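Below you'll find the structures, each written out as structure tokens.
One chain, chain A, appears in both complexes that follow, with chain B as partner in the first and chain C in the second.
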Partner chain A sequence: MNSIKQKDSKLRLFTQSKMFSLLLLLVLEVVVFTVWAWIKQGGNSFLTFKSLTTIINTMTVPGFLALGAAFLMISGNIDLSSASIGAFGAMFIAASIQYFHFTWWLAIACALVIAIAFGVLNAVLVNEFRFQPFIATMAMSSVIKGLLAFISMDPKAAAPVATTITLSPQVVDFLGGSPVKILEFIGKKKFFAGSAIEIPFNIILLIAAFIIYGVILRQTKFGMKVYLVGGNPMAARLVGVNPKKVSYILFANSAFAAGIAGVITHSKTLQGSSIALQADTFTGLTAAMLGGISFGGGSGGMGGAFIGLLITRAFAQGMLAINASSYITTAFSGVLLIIALSIDFASQRRATARAIKGV
Partner chain B sequence: MSFFKKQFKTICLLLLFVIFFAIASVVSIKNGKSAFLAGPAIRSLLFQMSAGGVMMVGMACLLMSGSIDLSTDSQALLGIILFAKLLQIKNSAGNAAIPWGVAFLICAALMVAIALLHSFLCNKLRFMPFIATIATSSVYSGISTWWTSGGTVAINRASFVNLGKTSILTIGKQSFLPVLFIISAAIIFIYAIMLIYTRFGRRIYLVGGNPMAARLAGINITKVSTILFVNNSVLALIGGLMWSAQKKMASVQFSTAAPSMSGMTAAILGGVSFMGGGATGLGGAFVGLILLNTFTYSLNYYPIFTEQKWDWLQITLGGLILIIALILDATSAQRAHRQMLAARKKAVQAAASKA
Partner chain C sequence: MAQSLEFSGIGKSFPGVRALDDISFRAEAGKVLALIGENGAGKSTLLKILSGDLKPDEGTVSIDGVVQNYGSPNDAINAGVSVIYQERQLIPSLSVAENIFPGVLPVKAGFLVDKKKLRNDTQAIIDKFGLPIDPMMPVGLLSVAYQQMVEIMKAYRRNSAVIAFDEPTAPLTDTEIEILFKLIAELKEEGKVILYISHRMNEIFQITDEIVIMKDGKYVKTVLTAATNEQDIVKAMVGRDIGDTYANLSRNDAFGEVLLDVKNLSSPYIDGVTFQLHRGEILGLAGLAGAGRSETARAIFGADPILGGSITFDGKEVDFKSPKDAIDAGIALCPEDRKEQGLVLFRSIKDNVSAPVIDKLSNGPFRNAKLEEEITQSAIDKFSIKTPSSDKICLELSGGNQQKVILGRWTSPLVDTKLLILDEPTKGIDVGTKQEIYQMVCDLAKAGYGVIFISSELTEVINVSDTIIVMHNGHITGSTTRQEATEESVLALAMLD
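The block that comes next holds the complex of A and B.
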């Protein structure tokens, strides 16, 4: 009796939980990179406030990608086009302000609407034509990249494809400076600037979004539906949930989150770039997967996804601290994804074993 | 008649091919001479097809078994870079130390090791094939770019490069049929026969169509899957080497063209079902390959596409063609399903009326 009680004690449960192994992984990562950077640079160059600030600064964009990816993956789907959608959004805002003198809110609204339209298109391909989600979204991704090249052309110059569009001072003056002020606030405003840890405005947006989505997932009927559709679509249909409707909403939502990521990408640099977010195709997915959201769907939560995000960002920062070339970083990001998958596999097997034992 | 009905899709694709070919030949006429319908253009089209064709075979077999390998391009890239680096090794006398046949065998061993890793990840750890291979893909391409610093490694071994240069048959003094294309076509032919007439070929279909039934029928699914991964990786290496032989180098440019992705598109276009199984063999896929390559290659010969402002359309087309191929796949699968239901209904009615 006593032993059973001990088994169920809170601490014990926590150490067995996935959250604990994730935190352990994060700590392990920090230790490894600190030591490695110390050996390589002859001093502490990783475990500093500066790294922390950089991590916080670079977290927002992949964070929003992870947000959309996490919801989709819990429902058993996947979207590989979200990075392209985000890049398209960023470019669209730049092009529409620069060439057509849109006001800032119109540009952002149009970019988000177009992003959602792409998401719905993904959902149509997956639900109506029954494509495999990954192949449908991969094909969409290259279509979107082509359109991105299209909108980045300068209509007046009839010039070849521009790679970046920067808002010119004349346009900013013409519009009274307002678009830049607001966009700069989104992208560059920092609280406690100059102190050890600066808190950018957009990280507050991200954390708010994570909390809201977490509450939706845990506390509302819709959140339950998402888990149900992911865990067992057949059962979901039998209890009266429409999996198609859930899928449409989640694809649109993923594209919307990617659109927000695009807005933030643009507002950070006030540029549109045709190669923006190209390296971020899998960062969102990796973060979500590390956070315990498994590919089969039906499990995981936003807290885990957030720690997963921290792990991927700390990894990227660590690779910088040890001066690894970007090619090697690419190679190791693949390894990180495989580690994420292996953790998922191990925890699933343990869960099955426990279920069989009947504990 | 039933032959035409059965091969309806393939015949449509062939007709499309003829149409594209004719249009390209006509629009590229300059000074009364067609630039497209000439020795050099046809030869480079066939070159492009030969590397893509070999890679398509491996991918098509994987697709038929319900699996996929998205790292094929970066595997082949790693393979050809290793190959080029091996050829550069010199012995103490300053001569080349390794004959290219031996280098090929070493690279093939690397490919087998990679394929075994994939098989382990997908069959033992039960990762989804596409996500596991996407992850490993960035490992291989990262290593290859790091190894070459994003540049190229020249290959100047005469016996190897000549293989890429040689062509036979001529149109107006210029030969157009590369030996590599003959090899590629032969490989496709052999695999097509293998799929239809051997026991192993039938097993691939069975595993793809219904894995559970296949297991109950006593087929070792893991074994089939492992063989197909190995097969795909080695064919990818051969395809990559065909590309290197003709370009005389190993370079990261190889994977930007994504030959295995276009091979996959061609296979799906030709009726290899993405859901595994599927009744069409490699014949349809071959027609798809010819159609797709002719189409994308002939775009360069349209006067308007030489302007840079149409670049975006060429990028978009890659995705659009894949989507169209998949829609065709989906609608034909739905039609087949309806036909099956109708046939079953008829049979039930017949049985009822008999009773």
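The block that comes next holds the complex of A and C.
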């Protein structure tokens, strides 16, 4: 009798949890789009393996952006430059291989180091110059976009007009190998190709990364410090945590994750483009926030962020399924961000109300 | 003008808590009625119902026998109710006049603000209370006390029949309190219904006519102020006789060697501070707000830069660059503001207790959940923290329990604290829990901790501490012992120039 009661309360606890409302939101979204698409197309065009495959295929890049954003937001910070950093990474790989014959690992390593350097610069602006994080990173984003346009120009071309660098399939690195092969593996390799659900290599990377980061957050000392700093930086400092150090690490990490997103962007297209990832400026942010990571910091986790990511991806796919115009899709993405912010706001208020009641 | 305010059968529940239960009493015009009770007794909730912030589940509020059914704070204001909270609700950049006449500024030529009339009308109110305030001065430039006067004048201008004060004297100095009391007397003369909430007994006896005592959301009784005494009230509030709070403390009287030796310490906020603290000793830092007590603590703790002087701790001269250095050496600071600086409110008790020792609980990068649970449980037992589990988030704990979490954090077996700095450890905590915390502090001294006890409550600081140092304006102005100290002598030192 007692054990049944306990199970019952566990179930109730789960139904009251944030995770449950997130899953509910996801299911609701799928139902709405399925019905809508059904009515519009006269048949099931959303709840299919094809949609699922597309979602999985397009998830990795925003996924890595969300990963960095989530970690940073839990510590009470924000990075609006990550999409630009990713685009810069993609461009750097293209330029370094095409023009300077870097081998694949050197190109990727350099791109990631540059990304991290941008992240550290963000941290310097926020910690040493005391800028508001969103102002600092917005400015940084502008700087990076400018640099991006600059390096995308072909130095050998008579008129520097190109804004896209495409790898030629025959390009040979300085060791005599072909960098394209490896990049194609990262970007395009699919396991179970041709079956109902194809598993791209890079989604495995993403899921592994989410698991690793989830473990870091929940199980390690560093993860606990992230929560402490995000929850109350002053109190964290007075118990001996160094909030500055945490901030530097997380800005660098956000940029690193953006760099990985850049590597994958490049690998998928074998291009560097000055407008790559522009649509993804707020994707990571939206996913993290939908996933229950508070704007103010101190709460949320990677599981929520992953579901948040699924919600944003299912949304994009759903808009395709109902044949919405891209303008409408953009408008509704904004609405999605507003919904995410409202959920955050409402849950903050609930928590405060609960606290008042508790006194 | 209203003759009475009446609460009848007020009930209010929040999920899991019965905040108010069948509260009925009456307040007459021309009298000051005190509303007292421990934290959690329901005073604030009742005030929120009066001000229209909350709606009662049952019961009614009536003014002059007319049942009020207001749906918003604005309705309450229109019904003649003004509540003056501790946090003032003024706009700092606007003038006194604009704050007193919000939304009802006198107008000329259809839309221009009639500055002259505004000034004169405001001056008239200021003169009525005999205050030295310029009507055109931005409110932000006034002292906290005068800001509160502006708040009161705003209520007066609205012609409110009912004026409620929520702990109005908390941020005020003694002189300012006198001015406030004069104002309250003035309002009483005018025949207002006045509710006065305060934790300070002497004030209640000074200005109120009747006292309503609440406990655990229930009405206990109403007594005439003239016909009661402090002990009876406290007894009714806590439901038990707590006797002489300080005489019953079991103290430590065997001090060890010198633990902390501060010589000529200067920071941007303090100058030439010198004192010694022994193991097992409780050293009180007394003084008025801004005297430099917390700043002394922060300088010792490595939280503020040190400009001169030396600190010898546990036999070694130290130079802490950050709080982390101080913590590693064995100093713990329980800061003045629990919510802003002490706790990470949205994290669990466990996280908050284990925060300073996370690096010690395990080797390698991973946390040690078992040890975390152990030290948290031992803190919960040691300080009798009231919670169903160590996973409860600190936001949901009462002030007293939050303070105990902080004490528990710094006395867990792994932190190796030798010196505890307690900055206003009983602020906002009810009488019963205060006494519990005094005994805990004494027990810590017995266990060999050196304790620096900072408090703005004179009675408390001179009765809990073994030695009392008085500060004023960043300097030490004198020191005394518990046996010799009187409130008058310490206050005189605190105000010494």
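Keep this in mind: the second predicted complex is superposed on the first by the 340 of 359 C-alpha atoms of A that agree within 3 Å, B and C clash if a C-alpha of one lies under 4 Å from a C-alpha of the other, contacts with A are read in each partner's own complex, and residues count from 1 in each chain.
The working rule: a residue touches a chain if its C-beta (ideal position, glycine included) is under 8 Å from a C-beta of that chain, and two chains touch if they have at least 3 such contacts.
What you see is a predicted model; the values in this text were computed from it and never measured.
A.B. asks: Looking at A:G298, would you say it contacts chain B, chain C, both, or neither? Reply first, second, both or neither.
C.D. replies: second
A.B. asks: After lining up the shared chain so the two structures overlap, which partner does A:F88 touch, if you call chain B first and chain C second: first, second, both or neither?
C.D. replies: The answer is neither, since A:F88 touches no partner chain.
A.B. asks: Contacts for A:L337 in the overlay, against chain B (first) and chain C (second): which applies, first, second, both or neither?
C.D. replies: first
A.B. asks: By residue count, is chain A touched more by chain B or by chain C?
C.D. replies: Touching more of chain A: B.
A.B. asks: Figure out whether A:S325 sits in contact with chain B (first) or chain C (second), or with both, or with neither.
C.D. replies: first
A.B. asks: Would you sort A:A235 into first (chain B), second (chain C), both or neither based on which partner it touches?
C.D. replies: A:A235 contacts chain C only, not chain B.
A.B. asks: Going by the contact rule set out at the top, does A:F222 touch chain B (first), chain C (second), both, or neither?
C.D. replies: second
A.B. asks: Have a look at where A:W104 lands relative to chain B and chain C in the superposition and call it first, second, both or neither.
C.D. replies: neither
A.B. asks: Within their complex, state which residues of chain A touch chain C.
C.D. replies: Touching chain C: residues 219-225, 227-228, 231-232, 234-242, 298-299, 351-359 of chain A.
A.B. asks: Taking the complex as given, what residues does chain B use to touch chain A?
C.D. replies: Chain B reaches chain A through residues 121, 125-128, 130-132, 134-143, 145-146, 150, 274-275, 308-309, 311-320, 322-323, 326-327, 330-331, 333.
A.B. asks: Within the complex, which stretch of chain A touches chain B?
C.D. replies: Result: residues 125, 129-132, 134-136, 139-150, 153, 158-161, 282, 295, 325, 327-335, 337-338, 341-342, 345 of chain A touch chain B.
A.B. asks: Touching chain A in the complex: which residues of chain C?
C.D. replies: Residues 14-17, 19, 39-40, 44, 301, 303, 322-324, 327-328, 333, 335, 340-347, 351, 354-356, 358-359, 361-362, 365-367, 395-399, 409 of chain C touch chain A in their complex.
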